[in-house]
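Below, subunit A partners subunit B and then partners subunit C, in two separate complexes.
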Partner chain A sequence: MLTFTLSFKNLMGNGKRTWLNVSVLSVAFVVIVFFNGLLDGWNKQAETDTIAWETGYGRLSHPLYDPYDPYTLADAHGIPGLPQEVIAGEQALPILVAQASAYPNGRLVNIMLKGIDPAQSLLALPSRWLDSLPEGIRETTIPAIIGKRMAESAGLEAGDRTVIRWRDVNGTFDAREVTIAGIFRTNVPTVDAGQLWIPLETLRQMTGMYKETTYFVIGEELAGSSLWIGDKAGYGKWDYTPLEVLMEDIENVVEAKKGGMMVISALLLCIALLAIFDTQVLSIFRRQKEIGTYMALGMTRAKVITVFTIEGTIHALLAILLGAVWGIPLLALLRNYGIPMPDMSDQAGLAIGDRVIPAYSMLMILSTVLLVVITSLIVSYMPARKIAKMQPTQALKGKLV
Partner chain B sequence: MKTSVLLFTLISFTGIFSLQAQESNEAATILEKVDKNLSAQNRIFESSMTIHGRRTSRTITSKSRTRGEKEALTEYLSPASEAGTKMLKLENQLWIYTPSADRTIQISGHMLRQSVMGSDLSYEDMMDDRKLTEVYSAEVIARDTLRGERVVLLQLTARSSDVAYPVQKMWIDAEKFVPLRQEMYARSGQLLKRVDLFDVRRIQNRWFPMRMVYRDMLKTGGGTEFTVTSIAFDTLIPEHIFSKASLR
Partner chain C sequence: MTDNEIVTLRDLYKRFSAGKGLLTALRDINLTFGKGEFSGIVGPSGSGKTTLLNIIGSLDTPTEGTATVLGKQTGDLSQKEAAALRNHGIGFIFQTYNLLPVYSIYENVEFALLLQKTPARERKERVMESLQWVGLADRAQSRPATLSGGECQRVAIARSIVKRPALILADEPSANLDSVNTHHILKTMKQLNRELGTTFLFSTHDEKVMQHLDRIIYLKDGSVEKDELC
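Right, the complex of A and B next:
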């Protein structure tokens, strides 16, 4: 306790220099917490939205289906060997996908036609709008819902009509008019950009792919069943992709972003730690007589080193306290309002909202505190090691070893 | 009295049926003559394709060699950015060689449905040389004049379900037996594409249109103009031309 009190008094005696170091370190601390919170928030938001809008908790897809290769779509459709109660249940949502062209305002736009059950409730897609067209329109056109991105790129609004052209299972062209029943807003661009959602049974009739499906979105209860463990033959050799694999893309991107953020955080931390290091070197140089006096009064070298190391480390503790004073209100404010994201930020195909709400977990804050304290301890100890080589008589004279 | 009514009815029905049969035969004969003009065992032609976009137009020239309906090699001659690019079609597969990358890419059958260089033609449209009589059954639905020429309007209905356009209408020059206009319809009856054919010339004992304007009827724009600058039918094409070795 004496060591700590002595160190604290010495540090306070340094005045402005101490507070300058503490301020810089507090900025680094808060910025690290903010960056980590931002990425954790994005990750959490992206995963939650992707599960709600696109993937559910698993995907059972036709063996030929490759979501990154639209040319596989022509052959990737069939009927899986699933038990009827699973297919008919609410925990497996069939989606049929076909390539098509749309002609909004006389422009050719390549699109993906996706068939979905209008009565489904597994995904957040407002598929019930597909049943909302008034009589008279419903009989003559195909109801469709699109996302805001698709609506903007194609120049379509709710109630607009446009012609779509597709090929059926035999490769024969067909074309009909669709009416936009509604435009939804989503953070998940992979259910929006270049896609047109229509009733599943209508798409099956249009393409001649009766009762066929490209993939099933699996609900939380069914994803946890034993059906997916063991032989694929149990579900007609279709491919089951669990949630962890479906989330891999998001996690990989967040990890890559974390790498970039870590470089910025490390630079900030280095600047702050360099200031502490310099202060320590200067203290030991200027306070040689003081060190000699400690030793002459009976303090061991290790104890003197401890005093100087604690002095340096208290910078970190003060920085955390100062950071808490101005950082907590600021970070809380950012959590309430979120960080606005630029319009083009979801072009890479990953879910990202208009605003990202940072998520500060206790584990993340504690690990950042530990990082700052331990690195401060190390940079404080390194110059203090010199004291071990000092002779008390030489130190009292103020002569360096 | 009853006997004469019965006889009259019988003669009338027989007359109608025989008239229908005659028209059906006539349509089939016309289609055969069209096939004779347009189809060939093999052909070599140079052409220019002008794609009229919403803002600009661009022209691509090429030299093509085709054998039957399943083999074709096209080499782009200009513009400089496309020159040297070659496309080889064998059966339902397509290989494209790009000289700038010095790479040959094999593309699956579905790629044949995509647009050629942003034009209104798909690879299928360009390379499908199946005889009309093999794919469609024909019916005379009208006689008219088009651009000052006497034409017979045929409606073609696909015989099988694996045809891109289930219904076509064709305005055929009643003397030269060459289509002057062709319209392709979707299964729903929606008009998808229209081809206007011009400049019909006599080449090697057949009539052949040297200029064609393709239009995607669902899209705005000036369409794609395809002009044959030179053509030779049934000439000897060496075997090695239709092999991957000829791409590089």
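Right, the complex of A and C next:
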């Protein structure tokens, strides 16, 4: 207690220098919490949106289907061996995928045709719009919905018509006109860019892949069933990919971004710690006489080192308190309103909303507190070790104090 | 060493390295200081007064010979044991007072007792008693920066006496004081010496201090030149 009190009083005695260090460290502390919160929030939002718009809680795909290789699509379709009650339970949403070309405004655009049940409710895609075309148009063209990104890149608007060309199951080219029934906004670029969603049955007829499917999006209830635990034969030897695996890509991207942001955080922290280190070095140089006095009064060297180490570490504790005073209202405000993201930010490669809502978990805050305290303790201890080599008689001859 | 002896120095040498050679700061010192003495080591600058006081105060160790202080050979003590000896047995009064600037007068005096882990109630009594001895009880909550040099030195005396040490070492205590303050602090120290039986050992070259001493040891070039009772 004596060492702590003495350290605290010494620190307060340093006046402005202490508060300058504390302020810089508090900025570093709040910024680290903010960055981590932003990334965690982004990660959470990306996962939630991806589940809602694209993956559901699992995917049952044709054994030949590779989402990263469009050449597999020609063969990656079939009639799955899923039990009828599973299909009827609306927990397995069939999607058929085919390669195609579109000719919007006279340009050639390679697209992915995706067939989806207009009545589905498993994904957030507004597939009901596919049934919204007025009679007359519905009979002559294929209704399609596209995302905002696709609409912008192809120069299409709701109500526009464009020709698409595809190959059926026998490899024969065919072409028809589609009408854009609606343009949806989504944070998930992978259901938007280069994709055209049409009714599932229409695509099946167009391609001759009657009753066939490329993959199923699995709902939450079915994802938790024991069906996936046993032999693959239970679900027609297709490949079941659980949610954790589907989310790996998102997590990898977020982790990569976290690395970049950690560098910025580390730089900020280093600046703050450098200030503490400098203060400690200066303090030990200037306060030699005081150190000598402590020794003369009967303090052991170890205890004097402890006083100076605690003195430096209290910077961190004060910074956390100060950071809490101005950081909590600021971070709470940002959590309420979210961080606006620029238009181009969805090119980051994963779902990102117009605003990212930061998520501050207790674990993240506590680990940041621990990081700041431990690093401060280390940089405070390093210069304080010099005291161990100091002779009391030399220290008492110090010039100042 | 008899029970009455507080400090015994035998064949004591202290050498420092100076450039390529060695500088002998103290040579063949043989001295004994008894309980309740009010003695001074006198000599010009560089004669070895402070070095001798540092060795007695276990802040330094002899190169040769032995220094036995309160029954302990300072040269054989570990850092921790030397710190304990200083904490419990020896009080220091420095030329520049060496008060802790961030502490109040009360806290400065209390500091040594905190190191000894003295209970709070006893601590308070002893601190106030010490401050009353030096006439600064009413300034207990002041900061050292607000005191005059004489008052600071009186706080240093209170700080050294509060733990009731057997020995107080005062290194040039009057160097920064005028004659009135010098007289005042020496009167206080003499009174404490008489009332508590504390041994005082000064290093000084101040005539005003010498007038109050009972025994003066003259040092010249690190050797005892004269040892006389006054």
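Everything that follows uses one rule, which is that the second predicted complex is superposed on the first by the 396 of 401 C-alpha atoms of A that agree within 3 Å, B and C clash if a C-alpha of one lies under 4 Å from a C-alpha of the other, contacts with A are read in each partner's own complex, and residues count from 1 in each chain.
Keep this in mind: a contact is a pair of C-beta atoms (placed from the backbone, for glycine too) under 8 Å apart; a residue touches a chain by one contact, two chains touch by 3 or more.
Predicted, not measured: the structure shown is a model, and the values here were computed from it.
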*asked:* With the two structures overlaid on subunit A, would subunit B and subunit C clash, or do they fit side by side?
replied: fit
*In the superposed arrangement, which partner chain does A:2 touch: subunit B (first), subunit C (second), both, or neither?*
second
*Does subunit B (first) or subunit C (second) touch A:393, or do both, or does neither?*
second
_Partner chain(s) touched by A:332 [first = subunit B, second = subunit C, both, neither]_ = neither
*First (subunit B), second (subunit C), both or neither: which does A:10 touch?*
second
_For A:293, using the defined touch cut-off, is the partner it touches subunit B, subunit C, both, or neither? Pick first, second, both or neither._
second
*Of the partners subunit B and subunit C, which touch A:106 in the superposed model: first, second, both, neither?*
first
*Have a look at where A:370 lands relative to subunit B and subunit C in the superposition and call it first, second, both or neither.*
neither
_subunit A as apex of subunit B and subunit C, Cα-centre angle in degrees (nearest 10)_ = 150
*asked:* How many Å separate the nearest C-alpha atoms of subunit B and subunit C in the overlaid structures?
replied: 72
*Once the complexes are superposed, what residues of subunit A are shared between the subunit B interface and the subunit C interface?*
none
*Going by the contact rule at the top, pick out the subunit B residues touching subunit A in the complex.*
54, 108, 110-111, 113, 158, 161-166, 184, 186-188, 190, 192, 216, 218-221
*Show which residues of subunit A lie in contact with subunit B when the two form their complex.*
71, 74, 101, 103, 105-108, 163, 165, 167-168, 170-176
_Which stretch or stretches of subunit A touch subunit C in the complex?_
2, 6, 9-10, 12-13, 289-290, 292-293, 295-301, 391-393, 396, 401
*Okay, in this complex, where on subunit C does subunit A touch?*
54, 57, 59-60, 79-80, 83-84, 86-88, 92, 94, 96, 98, 100-103, 111-112, 114-116, 159
